[in-house]
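What follows is a short report on a single structure.
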């Protein structure tokens, strides 16, 4: 019995301290994964804040945008041209979704809208596989001027490896978040987005076009998806299994609160790092693969005790 | 008057002993005081109206009577016993039913099905019998269906029995909600602005139904209402609130003459 | 004119409360049953090879109808969305497997029906969060169940009797002299067993949903606060929905492995399957038992039909048609949600309305 308790409460920490450079490596890996989760969650938050729609298709949008980019390049389109065309494709997607789906489902309960985005996911998976084929593709990292290779740090004789692409991903993510924050706070469109997020009726009454806002928001989410797709694809190739990993963004949102951008980031980091640490240090006890469900169980616990997450708005029921 | 005495209204109706008593109720939402130190009672068999300008705290008061909101201070006494803080379904068991200002019908069901939901607490046959739906389960279902049809006849909504309630006009939806509340065979019926959004004929119909309910089933009724003429005609006694405080408590005639009430409605500063 | 109810009066409440009060409906159901029991077992589906018709179409469709009814009880009647269906089918399948290991002499049909109870208990447990969580937040909780259980199916060796491949193989079992499970079991036998279990469970589902329990589920779905004020205990209503739903899903899981696949790996119970079943519910019609039949049949046979047509009419290969069907189903989901949220069941009702007055337009 004491062996069991030791192995859960003491052992893993001992392991951590024993090899501090390995711990650093694990923390770094978790951090980078967390940044990517946060980016996916960011896409969700954008759409949810502005339209109250929970866009289940965000994950597949990440894959689809990555696929489009690589697919175009393979057809011979130069890298940055492909990037611009892909942005265009994401815009068309945003426009179509708003025009053909959102507008028609305006007054339906949230659950119906949510299920419509599940249908949308199916469409994008089918289209993606149809146009680009189902095999894994390599991201055109170098062609996009993204760094490759790695740096090595040797603290006190230990070894920690930092992939350059990971560092780039973090920097780009930070830039994007700062950019979005600036956009929301200081531009006219950004203010309109915040108004819409707050109250649809009131925004309409001051002349904000909901339809235009939604197109903008879905496009913004599409851009975020593309950046995420590029980063993630650069680290581990573009394939449809990414879509399932993207589901992890859900626990991130639960932790951070569905309506909070800082929440998405903090939540993403907590999940990313927590997951990795749990898998490496407690994994051997349970058997490997605990990463598959760890995030969800954490989310479940949060839902039971603090459903609005760390930063979200408290939900009050009124009769 | 003491709680044990019966009470005779000016127009000769006899009202029974005290059924429910609010004692020094104070209700706060964060920093906002919705109800401040209000006490009044509701007697068996009477029709009690709660009136007051918008934002006076009437709906909150109804929710306290209902047991949905729990006052920070004060006590609620029901039939001679102090009522502890209860869950909504326990309140239903106590025999309190209500309708809502914004209509809380089950939009996915028909009229008959909605009224049948009111019988939920009274349907007892076990899960096993429900699976088989023969014998005792069927008998129970049919018996309750019969009672619901009586109520549907009573409120003259037979013609829309099989209609999904979501597609019904507003006035009829309110009647269906009333039918559902009646199906619970409540001792106390709470009506939150039953006449809201109705035209003159609809109001007359609804008033007639409310009086009939009180008359035929002996149900005690507490209602929130804005239309003063309705209140004059229906209510045995009235409570008037404003800004969470009680202004007057008495028969309609008494309350109507009360200066504080007149000031409140006319918007005089106080 | 085929569908006119003129002359058919319900004079008692019992008559009005029947599942199919209209005579034409009763005849329709009778015809389906006759076809299902007397025609299909011997002739399969006309135009298709018998083995293919039974193994690739009829048996899975019937099994998934049970799944869809189960999921519909949870999503359509009670309004609790779940993406854990795949895993709960697995619970039923593994439970049945363990039961056959412990009770090798017990009638397999009894074991299949018993394994549903294991699934019901697990389902009710994972349904506990629904008391505090609503709407799509519940999706996260059900995904937790889905991924955690999937992990258990791999990690907990006891579940698959420590078989080194990690998969379970279905042992041969007999009922009344007929071989019912295992490699030698005939398609006809398996089909009839599945059909009978389906009919039995469908009747129970129909009874439950039309009585007080079904009403309590629908009340929770439509307005849970009002439901509580009427006296419905959210705990009882929600947990009973999870339990009953998981029972159906668990039984269908056991049937899927024992009557259809003959073996199972964890992939059979993954999250992609959970989506598939949700599509069956949505297309068939939320809150409709008859819709569940339609939804399951459609979602399962549509890709097959499409692939066949693509191959024989246009010479397009199967992979492309597979993707086309994915897109088509996605589009149909969106269209159905926009145009007719009550799914094919409602569309069917509209057809019947038109049949009432046919050949007149209105």
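When the chains are written out, they are named A, B and C in that same order, and each has its own residue count from 1.
Throughout what follows, a residue touches a chain if its C-beta (ideal position, glycine included) is under 8 Å from a C-beta of that chain, and two chains touch if they have at least 3 such contacts.
These numbers come from a predicted model, not from an experiment.
Contact analysis places A-C first among chain pairs (by count of C-beta pairs in contact). With centres taken as mean CA coordinates, the chain nearest to the overall protein centre is C. Taking each chain's centre as the mean of its C-alpha atoms, subunit A lies 50 Å from subunit B. Per-chain CA centroids place subunit B at a distance of 43 Å from subunit C. Computed from the mean C-alpha positions, the centre of subunit A lies at a distance of 33 Å from the centre of subunit C. Listed for subunit A are residues 319, each touching two or more other chains. Touching of two or more other chains is recorded for residues 225 of subunit C.
Residue positions 68, 100, 104 of subunit B each touch two or more of the other chains. If you check the complex, the residues on subunit B that touch subunit C are 66, 68, 87-89, 91-93, 97-98, 100, 104-109, 113, 116-121, 123, 125, 127, 130-133, 137-138, 141-142, 145-146, 149, 180, 184.
Within the complex formed with subunit B, the residues of subunit C that make contact are 12-14, 16-17, 204, 207-208, 210-213, 215-216, 218-219, 221-223, 225-234, 240, 287. Listed in rising order, the residues of subunit C touching subunit A in the complex are 79, 81, 129, 132-133, 135-137, 139-141, 143-144, 147-148, 150-151, 154-155, 225, 271, 275, 278-279, 282, 319-320, 322-334, 337-338, 341.
Residue ranges on subunit A touching subunit C, taken from their complex, read 54, 100-101, 104-105, 108, 110-112, 114-116, 118-127, 129-130, 134, 244, 247, 250-251, 254, 286-287, 289-290, 292-293, 296-297, 299-300, 303-304, 307, 317, 319.
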